[in-house]
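Given below, in the form of structure tokens, are the structures.
What follows is a pair of complexes built around chain A, which joins chain B in one and chain C in the other.
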Partner chain A sequence: MSTLVIEDLHVHYGETHAVKGVSLRVENGELCVFLGPSGCGKTSTLRTVAGLVRPSSGRILIDDRVVNNLYPGERDIAMVFQSYALYPHMTVREHFAFPLRAGKMPEPEIAKKIESIAELLQMHPLVDRYPRELSAGQAQRVAIGRALIRTPKLWLLDEPLNNLDARLQVETRAVLKHIQRESGITSIYVTHNQEEAQSLADQIVIMDSGLIQQIGTPQEVYDEPTNLFVAGFVGTPPMNFIPCTLSRANGQIVLRHETFGLELEPELVQRVAAADGHAVMLGIRPEDVDLRPVHGGDPASDRMHPRGTVYVIEPQGNEQIVSLQVTLDVLWKVRREANSAAVPLESGQPVELTLRQHRLRLFDANTEQRLL
Partner chain B sequence: MAQVRLDSVQVRYDGSDAIRDMTFTVESGELAVIVGPSGSGKTTVLRAVTGWAPIARGDVYLDGRRLNDVPPGDRDVAMVYQTRALYGHMTVRQNWSFPLEAVKRPRAEIDQRVRQVAEMLEMSEFLDRYPKQLSGGQQQRVALGRALIRQPTLFLFDEPLGGLDAKLRIHTRSYLKKIHADLGVTTLYVTHDQIEAQNLGSRLIVLNHGLLQQVGTPDGIYNRPANRFVAGFIGSPPMNFIECVVSHAGDQVMLLHGPLRVTLPAEKSALLVSRASADSVVIGIRPEAIVLTPGANAQTVPVQVYVTEPQGSEIIVDLRFNENILRVRGHRETHLNFPLRLNDIVHLFIDPAKTYVFDKATGARLV
Partner chain C sequence: MTNVRQSRRLWLWYLPVLAVTCSFAGPFLWMLMTTLKTRVDTFAVPPKFIFEPTVANYEAVLNSEFMRSLGNSVIVALISTVFSITLGTLTAYGFSRYKFRRSDNVLFWILSLRMLPAVAVMVPFFLIFTSLKLLDTHTALIIVYSVFNISFAVWLLKGFFDEIPIELEEAAMVDGYGPWHVFRKVSLPMVVPGIATTAVFCLIQSMNEFLLAFVLTTRNATTGPVALSKFQSAVGVNWGEISAAAAMLVIPIAIFTIIVRNQLIRGMSFGRLR
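Right, the complex of A and B next:
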């Protein structure tokens, strides 16, 4: 039962300023995911919590106690890394037992714990094998089990699923999330994979260039991204964008592009503070666009809705992803159900794109902050 | 234009079959994707076509011409690998000219081909750059261009997007699909990624353990899988499987597992009875076909929430049902818009109309 607080953390590696003032709070029992591209500072932040990297400045508090000067071994944390360092001379069972014996747990209780972690990780038939007799995926699960079998103050996981194949990743992350929820141990999980982050997290901390871009639940970062970076980073296929100019007249707002002029619905108008002539980036998720085939027609200047030409259609289970050439250098992706009710489309066909306006997002073209 | 045909092809490595009984036809102009888990024999099939795998039995034909005894260099096929196979010390132009220089084409023709390919791949302004000065996506285009420049009759791709990050993969595969549609060159594409396979292929060739499992369109494979392997391999999250006991009530068949009772409609019942007499089968249901409700009724069974995983506008819910974990996928505002907390009991309905039935022993689809 622990809380973690990071206060104005800075990390330098020589000339490189890797973490530039990170502050956050992870509540007791929460699973907090640090998400960002490589080099964003997520792993450096995690490593300061672990005590493996010394901060240049800032404080780390576990349960309101500053731990900056504690050695890793004194912090009562368990870690899983991407590279699983297993002992070649120890079986799976011995790996699981090791941290428990070190904590002087009675043997019958150790046996019970091993039983349950082996079952959770579906490693029952493998407990008497040595690392050399395991696949990479199985070895990774041993490393995970070895950390999760303890009940420390914090679990720290650094891309622990990277070595697993796609299917096993999906299965193992569900197991991991279940174990974390059941145990209620406060956890930090580092990943560059936004899908994994959404699946696992109570809170996602999105980082870029050493700075926190947003902290929020998976739904918040998906629905209400604070800036263009977050909007483009979370979600697959990614959010669609097109640059527009905002034009304001007679209490109305029109998003002007050379190929369309989209009038905002009245209830959205009052929520946009930007001035006439403001350069904005319009963003819309692939599932929030409706497609309607059109046949030639009216001049571009009169169009309210964007148009596009079907570039390719990519089936995906009960859905399909339609790629659309909207302008020469803007390609959008639209997700729709692939059932018989859907209007059939073919490559090269012109279509009109209706955007679900309550799902439409606007970003300042210069600051990249969200306006709507 | 080229049609590729494999007839009962067997390739053996170290005394065991890498592939066997491999029979399929890829029609001229198609983009066929060979998909399967690692070790399923996908790459071996490509190598049988290029001539780099020893064919123990069977025949490979390109446009009706038997290739078995044609040396690899004379087969008129071009292979595209991951980007790392580019020559780092050569510019884009040199990377592309090289295959034509190697076969001593005249300079003027080489220059003209390079120009055409650069235009097609929108790389004209990058011709004098080195690979390391290009983005991952551009490097991929260079790799593609090197195959295109030879104007082969057949393209072979072996996991060409393997080295790219997720966003770039999505972008590049749309691009590849478009290029293929424009050029119409017959293409065989190998991947282990079933989503990529569905996205790209006009037809999928699904392999497992060196054996052909099914050939079909993405829609046909997803909606009418030939067997349990294909049903479980294509689709994410995968299809759910539950072992059931078969029980008869008049003309109708009921499939039972604990409190779960799936009553097959008359037509499907008749089909099942005609195809199998086993007293137990495996049913399959897609994650998006399961209905989940907060309350119970006569048609539902109680299940326990194991985890919930938000995924954009959707949620994936893992549920514990007896010894099974079942996955349900739905929209968070319309389908799964009620609280789903750890260990909550919720209620699940399996629509018999959307249920597949597989033979427990062979895995073949019965219904």
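Right, the complex of A and C next:
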């Protein structure tokens, strides 16, 4: 039960500047996910919180107390490692007892605790096994149990689901979230899997090249990405992009591309301050595009809506993902319901794309910051 | 069909295995046989494989000065091994986990001690121990053997420590343990197979050493190998007694190896951690 505050954290590994000024606050009981590609500094930040890496500068506060100079063992934290880090010479029972014995808890009490954690994780028949006798999923549960048996102030998870197969990942994800909610332990969860982040997080911290790109709820980072990186990183399939220029004429703003010229709706016009000829990146989510098959064609130049040809259709049960060749080097993905009412499509078919304008996102092509 | 062929091929594999085994075990078995032969049988041509065994050789050795030397060997070898393993383990762990400037050079310097031929240091050692008044004592031999064994132990054990995933130690740190307890409760138990292997090597090395023991001892601290050489006398070589003495020199090593055999096997399958 505690809060974590990170203030202007920098981490260097020799010449490499891995974390370049990270500041954030994790509230009591919150599950905060660090999301980003590999090498973005998310794991370094987590390891610094754990005390396994020394920061070059900046402060880490747990419950308003600076812990920079405390040993990992003195910070009252628990961690689940990607590799699980189980001790090959200890049984499951000994793993559970290990953190408790560090705190010199009396043995009868330890036995009671082991009983209840084995109950929670359904590990009763396995408590006398060694790690080599466990499946990946069971080993994962031991790692979780070892971390939680002590009820730490902070629970740190470093890509804990990476070594599990897809089905087990989804299953364990739910278990983790349930346990976190039940125990109310403030948690930090590191992952590069944005789907995992979306489904677990109260708050997502998106990082890239050692910097925080955006902090927000899963919905916020999905709907209102602050820059091109976040927009492209969050969501599967990712947001579709196409480079355009803005031009203003007669109080109208037109998004101009070689193959189309999209007129912005009036309420959007007021929100775009950028000037004539400004280079922008148009972004739109796969579910915010409507498809209409077209036959033959009007001259290419005067189209209002972008067009494309169906490249491939991937059925996903109740929906389908349609890949579209929009220009030679731009491939878009569109999410579409797979019900019978929808017009059937086939590969090679030309289609017109109607973009839902209030879901349209514009990014400055140079600064990559969001304009609209 | 395939089964027959497979079993035939498997059988063929045993031929080289058998050849290697014989070339190693052959001389040893020959020695054991000699311990039970009379002087006449020992030199019989063609060699006798079936003969009337005698325990006379063992009786002679058991009642000779050799037993004292054997005792010396065991004392020196055990103490030097324990000493080397203790220091070697701590040093190896330090080198494995804490890198400092030029640590690789220091490590190589330690190994270079092991490369030193005994002849090269024989005279200096003799002079040093003369001035320390330690000639012909267990202490002198323990010190000398430890110099060689520690460097060997450091190198072998560093390899075992290097194989321990660092996350295991990190997990223990996070779980509330300080550096000493991380070493004691996580790292050390995991290198026990390595320690067993290293100990066997150190023990064999110390039990076998001849040259330095020959130079540094005269009477009180004479070790087994030195005593063995004294079975050659003016009246000739008594091979039966030498063999019996050599066989008894093997016993301490055999006992130790049997005690730690489970660890040795685990040492061979080391690295299967998850």
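A few notes on this one:
Following the convention adopted for this analysis, the second predicted complex is superposed on the first by the 336 of 372 C-alpha atoms of A that agree within 3 Å, B and C clash if a C-alpha of one lies under 4 Å from a C-alpha of the other, contacts with A are read in each partner's own complex, and residues count from 1 in each chain.
Throughout what follows, contacts are C-beta pairs under 8 Å (C-beta built on N, C-alpha and C of every residue); 3 or more make two chains touch, one makes a residue touch a chain.
Nothing here was measured: the structure is a model prediction, and the numbers come from that model.
With the two structures aligned on chain A, chain B fits next to chain C without clashing. By the touch criterion stated above, A:2 is placed in contact with neither chain B nor chain C.
In the superposed model, A:227 lies in contact with neither chain B nor chain C. By the document's definition of touching, of the two partners only chain B reaches A:312; chain C does not. Contacts of A:81 after superposition: chain C is touched, whereas chain B is not reached. Applying the stated contact rule after C-alpha superposition, one finds that A:50 touches chain C and leaves chain B untouched. Counted by residues of chain A touched, the larger count belongs to B, out of chain B and chain C. Of the two partner chains placed around the shared chain by superposition, neither chain B nor chain C is touched by A:213. In the superposition on chain A, contact of A:240 is made with neither chain B nor chain C. Vectors from the Cα centre of chain A to those of chain B and chain C enclose 80° in the overlay, to the nearest 10. After overlaying the two complexes on the shared chain, residue contacts for A:167 are found with chain B alone; chain C is out of touch.
Overlay on chain A (Cα): least separation between chain B and chain C is 12 Å. No residue of chain A touches both chain B in one complex and chain C in the other.
Residues of chain B that touch chain A in their complex: 37-38, 166-167, 170-171, 173-174, 177-178, 181, 192-193, 195, 198-200, 218-219, 222, 234-238, 286, 288, 306-307, 309-313, 316, 318, 325, 332, 342. Interface residues of chain C, counted against chain A in their complex, comprise 165, 167-168, 170-178, 181, 185-186, 189-190, 272-274. For chain A in complex with chain B, the residues that touch the partner chain are 165-167, 170, 173-174, 177-178, 181-182, 193, 195, 198-200, 218-219, 222, 235-238, 285, 287, 311-312, 314-318, 321, 323, 331, 333, 338, 347. Residue ranges on chain A touching chain C, taken from their complex, read 50-52, 71-74, 77-79, 81, 83-89, 98-99, 102-103, 131-132, 139, 146, 150, 156.
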